[in-house]
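Two complexes follow with subunit A in common, the first pairing it with subunit B and the second with subunit C.
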Partner chain A sequence: MSTFLQACVNGLLMGGFYSLMGMGQNVIFGVMKIVNFCHGEMLMVGMYLTFVLYTFFGIDPYLSVPIVAVVMFLFGALIQHTLITPSLGTKSFTNLLFLTVGLGLLLSNGALVIFGSTYYTINTPYSQTYINLGPVTMALPRLISFGVLVVISSALFAFLKYTTTGKQIRAVSQNPVGAEVVGINVKSIYILTYGIGVALAGVAGSLLTGFYTIFPTAGASFGFRALIVVVVGGLGSIPGAFLAGIFLGLLETMVALFISPSYSDLIVFVTFIVILVVRQTIIARRR
Partner chain B sequence: MLKVSGLNAGYGSVNILWDLEFEVKDGEIVAILGSNGAGKTTMVRAVTGMLKPSSGSVQFNGDELSGKNTRYILDAGIVQVPEGRQLFTEMTVLENLEMGAFNRKTKEHFRDNLKKAYGWFPRLEERAKQAAGTLSGGEQQMVAVARALIGEPRLLILDEPSLGLAPNIVDDILKVASDMADHDGISVLLVEQDITKALACADGGYVIENGKIVLHGTAKELSENEHVKKAYLGI
Partner chain C sequence: MDKKKAVRDYHRNLAVTAGIILLIFIAIPIFVKSPYILNVFVLVFYMSTLSMAWNLLGGMTGQNSLGHAAYMGLGAYASCLLVVRTGINPWLSAVAGMVAVAVVAGVIFYPCFILRGPYFTLVSIAFGEAIRQFIINSEFFGRASGVGLPYGKDSWIDFRFGSKVPYYYVGLAMMILIYAFMKKIERSKIGYALKTIREDEDAAAAIGINPIKYKIMAVVISAMVAALVGFFYASYIRYIDPELMIQAKSTEAVLPAIVGGAAFVEGPIIGGLIMIPLSEFLRATYSAILPGINMLMYAVVLLVVIRFRPAGILGWYMNSRAKQFVDERILKKPSVEVIEEVEMAGGR
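Coming up: the complex of A and B.
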C-alpha cells in the first residue's frame, strides 16, 4: 500500500513537470499554430543555466528559478523575433518544422560541445532531506518543485483569463484578423507568447535539477511528453494540459510499479495512440 | 473628415484598387456600393491600415493615415466592423467588447460606453457571459458593431453588415448607424452589396466596379441612375 501511495506521489510530481511543459507548448501552438519541436531542448537549456548559476555563482537552484525565467523569456523572444516570425510569413509548415527541429539539434549539440557528455547533478545541502507524510516519504526538493509548479500553473491560468494582455493572447489565438481589427499588435503577442512558452520550459528544467541528472539530451523525453499533453489535454486549454500532464505522470509511475520501469515509455505512447484513435472514432461518429 | 485620393492597393503584384477617390463629411453616411469582388473589402483594409496602399493618400481630419499601422488609425478614430464580424468566438460577449477598448481613453470610458452599447442592443446584456460563438448570426453582428462602438469611432466603417443576416436585423443595425450619425455626429462609411438597403439610409454613395469608382452622387441620384437600376437593382 505504501509503495502504491509513494508511486502516486511521485507520479503526481513528474506529472506536474509534464503539465508545465505541455502548457508552454499549448500557449505557443494556440497562438501561432506551430509545434515547437525544440521545447524539450529549452528545458535542457534551463537545466544547464541553473547548473552554471549554482556552480559558478553559488546560487541555489530554487532561487535561480526567477533568473532562469527571465533569461529564457528573453532568449525565446529573441528567437521568435529573429527566426520564427520571418518564417511564419511563408505559411509553410515544413519550414517551421525544420526551423524548430534544427534549433533543438543546435541547442543539444551546443550543450555537448560546451559541457561535454558528462552527467551532472546538483547537490544542495537539502538534497538528501526527506519528509515523511504518513506512509509516504518525499525528498524535499521534489516537494518544493511541486509547490512551485502548482503556483506557476495557477498564475499562468489567471494571467490568461483575467489580465488585458492575457485576453489579447487569447484573442490572437482565436482570431488573428479580429485581433488586428481591434488594434492588437499581433507580432508583439507572438514574441510574448513564445517568450512565455520558452520561459515555462526553462523553469521546468531549473526545478528538475534538484533531483534529475543534467545532460545534453535530458530534454528530449520531456519534449515528446509535452506534445502528448497538448493533444490529450485539448488544444488551447490550460486546465486540460494541467490534468493531462498529471495523468501522464501517474500512468508512467503505475506502469513502472506494476509492470516494469522499462515499459513505461512504451505504454505511454501506446496509450497516446489509443486515445487518439478512440477520440477520432468518436468525432467521426458524431458527424 | 475622410478624404481618400489616388488610392492604389493590392496583394503582391496584383493591383486591386485603381486611383480611388472618395470623401466622407462630418455626420454623413456614405455608401460604397459594389458587387462581390469589386474591391470593397480591399478598400476597407487599405483605409484601416491592414493593407499598406501602394500609393495615394488617406486624409483624416488633416492627418495623413496612408502607410500607418492599424493601431494608429484606430487612435485617430476610424473603427471598423469587419466583413465576417471576426469575433473571438470562445471568449464571452463581454470579453469581446472589452477587446474593443484599445487605448487608455477608451478603457477609461469603457463602463459608460458599455452601457450605451447595451442600450443599442439590449440582447447583448442578457448574453454578456455567453461565448460569442454560441450566439446567432444577428447577435454576433450586434457584438461586432458594439465592439466597434466601445472604440469611440469618429468614423465607423461597416463592411457588409447585411451578409447572411435576416432583413429585420440588418434594419436594426443600419438604424443604429443612422442614429449615431444623427445624434453623436459620427460619420459612417457603409460598404454594401445590398444597394436598396444602403441607399435607403445613406446620404450619398460611390459605386465601385473592378476596383474603380465608376459613379458617385447623392442617394437619390444613385437610385435613379439608369446604370445602377440596370446593373444592381434589376429594374
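Coming up: the complex of A and C.
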C-alpha cells in the first residue's frame, strides 16, 4: 500500500511537469496551428540557463525561475519574429514543421557543442532534504517545484481567461481572420504566444534542475509528452492540459509499479496512439 | 523538320548528360581507393534512397511522417533475424523484410490513416517510438543489445564483402532503381492522385480519388523502400540495434529531401549529395573536439534553406540563371511551345 501511495505521489509530482510543458505547447498549437517540435529542447535550454546562472553567478535554481522566464520569452519572441512568422506566409506545412524540427536539432546539438555530453546536476543545500508525510517520502525540491508550477498554471489560466491580452489570444486561436478584422494585431499575438509557450517550457526546465540531470537531450521525452498532453487534454484547455499531465505521470508510475519500468514508454506511446485514433474517429463520425 | 530535329537533339543531349553523370559515378571506385571516401558515397546512396522513400509520402502526398527510421529498422531487423535464425539467403530475406514491413505499415498503421496534418506526424512519431520500445523489450528481437550478422568469406550470394566497392555499386544501383521507380510513380495516375491529396484532401475525395486508398498505397510503398534501405544498411554495417530507430534518425532521413527540394523526385539525391559529405567531413574532422558540430551545421543549413529558399536547392535552381544557361548552352533546349507542338504532332 505504501509503495502504491508513493508511486501515486511520484506520478503526481512528475505529471505536473508534463502539464506545464503541455500548456506551453497547447497555447502555441492552439493559436498558430503548428506543432512546436522543439518544445523539449526549449526545456533543455531552460535547464542549461539555470545551470549557468547557478554555477557562474551563484543564483539559486528557484530564484532564477523569473530570469529564465524573461530570457526564454525574449528568445521565443525573437525566433517567432525572425523565423516562424516569415514562413507562416509561405503556407507550406512541411516547411513549418521542419523549421521547428531544425530549431530543435540546432538547440540540442548547440548544447552538445558548448557543454559537451557531460551530465550535470545542481546540488543545493536542500537538494537532499526529504519530507515524510505518513507513509510517503517526498524530496523537498520536487515539492517546491510542484508548488511553483501549480501557481504558474493558475496564473496562466487567469491570464488567458480574464485579461484583455488573454482574450485577444483566445480570439486569434478561434479565428485569426476575424480577430484581424476587429483590430487585433495578429502578428504581435503570434509573437506573444510563442514567447509564452517557450517561457513555460524554459520554466519547466528551470524547475526540473533541482532533482534532474542536465544533458543535451534531456528535453526529448518531455517534448513528446507535451504533445500527448495537448492531444489528451484538448485544444485550448488549460485545466484539461493540467489533468492530462497528471494522468500521464500517474500512468507512467503505475505501469512501472505493476508491469515493469522498461514498459512505461511503450505503454505511453501505445496509449497515445489509441487515444488519438479513437478521438479522431469520433470526431469524423460526428461530421 | 527543323523543330522536330531540335527536340530530338534536346532529348539526345539530356540522355548524354545523364549518361556522363552515371559514368562518373561508375568510375569513382576505379580512381578513388580510400575506404573513407567510398564509405561517404555509400552513405549518400542509402540515405538519399531513404529520403526518397520519405519524399513519396511527405513531398508528394503531403503526409509528413517522422517515423521512417522505424520502417528502415523493422526492415533491417526482419531480414537480419531471418538470416540469423533460419539461415535463409540474404537476398530472399530482403524481400521477406519488405513484405513484413508492408504488412505492418498497411495493417497495424491502418486506423491511423484517418489522422490528418499535424496529427499524422504525431502518430508517426509515436508509432516509431512504440516499435523501438517494443524491440527493446522483446527477447525475440535481441532487446537493446541488437543483432549481428555473421562474418565470413566475400560472396555475392551472402551479400557479404570486406571491401566497400561492391556495396558502392549495389547502393548506387539501389538509388538509381528507386529513383526510376519514383519517377514512374510521379508520372502515373497514382502520382497525380497523391499530388491532388497533398493540395486538398477534401477536393480529391470530391472528384473521386479515395484519399485513404492512395495514402495507404503511399505509406506501404514508402515503408517498403525504407525496409529495403534497412536491409542494405544491415548487410553493410553487419550489426543493428534499436538505436537505429531513434527519433533523430527519422529526422536525418528527411533532411536531404527538404534541403534538396521536397517537391522534386531528384530533391533527396541532390540534398544527400551536398549534405552528407559535408556532415561526414565535419564529423571526421571535429567530432573529437566538438561533438555534435555536424548535426549543428545540418540544422543551420536546414533553417537557412527553409527561411530563404523554401523550395529547396532544386527549387531555387529551377528559377535561376544557372538553369537558363544550362538549358540554352549545354542542353540546347527549345522553347516549351516547340516541345509541346512536336509532342502533339506525334512524337519526336
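One rule holds for everything that comes next: the second predicted complex is superposed on the first by the 279 of 287 C-alpha atoms of A that agree within 3 Å, B and C clash if a C-alpha of one lies under 4 Å from a C-alpha of the other, contacts with A are read in each partner's own complex, and residues count from 1 in each chain.
One rule holds for everything that comes next: a residue touches a chain if its C-beta (ideal position, glycine included) is under 8 Å from a C-beta of that chain, and two chains touch if they have at least 3 such contacts.
All figures in this text were calculated on a predicted structure; none of them were measured in a lab.
Asks: Pick one for A:83: touches subunit B only (first), subunit C only (second), both, or neither.
Replies: second
Asks: With the two structures laid over each other on chain A, which partner does A:167 touch: subunit B (first), subunit C (second), both, or neither?
Replies: Touch partner of A:167: subunit B, not subunit C.
Asks: Have a look at where A:132 lands relative to subunit B and subunit C in the superposition and call it first, second, both or neither.
Replies: So A:132 meets neither subunit B nor subunit C here.
Asks: A:231 contacts which: subunit B (first), subunit C (second), both, neither?
Replies: A:231 contacts subunit C only, not subunit B.
Asks: Examine A:97 and indicate which partner it touches, taking first as subunit B and second as subunit C; both and neither are also allowed.
Replies: second
Asks: In the overlay, work out which of subunit B or subunit C sits against more residues of subunit A.
Replies: Of subunit B and subunit C, the partner in contact with more residues of subunit A is C.
Asks: Which partner does A:185 contact after superposing on A: first (subunit B), second (subunit C), both, neither?
Replies: first
Asks: Can A:220 be said to touch subunit B (first), subunit C (second), both, or neither?
Replies: second
Asks: Give every residue of subunit A touching subunit B within the complex, in rising order.
Replies: 164, 167-168, 170-171, 174-175, 177-185, 236
Asks: Which residues of subunit A touch subunit C in their complex?
Replies: Of all residues in subunit A, those touching subunit C are 29, 33-35, 83, 86-87, 90, 92-95, 97-99, 101-103, 105-106, 108-113, 116-117, 216, 220, 224, 227, 231, 260, 262-263, 265-266, 269-270, 272-273, 276-277, 280-281, 284.
Asks: Across the complex, what residues on subunit B touch subunit A?
Replies: 48, 50, 69-71, 74-75, 80, 82, 85-91, 95, 98-100, 102-103, 147, 151
Asks: Going by the contact rule set out above, which residues of subunit C touch subunit A in the complex?
Replies: Going through subunit C, the ones touching subunit A are 58-59, 62, 64, 66, 111-112, 114-115, 117-119, 121-123, 125-127, 129-130, 133-134, 136-137, 247-248, 251, 254, 258, 262, 290-293, 295-296, 298-300, 302-303, 306-307, 310.
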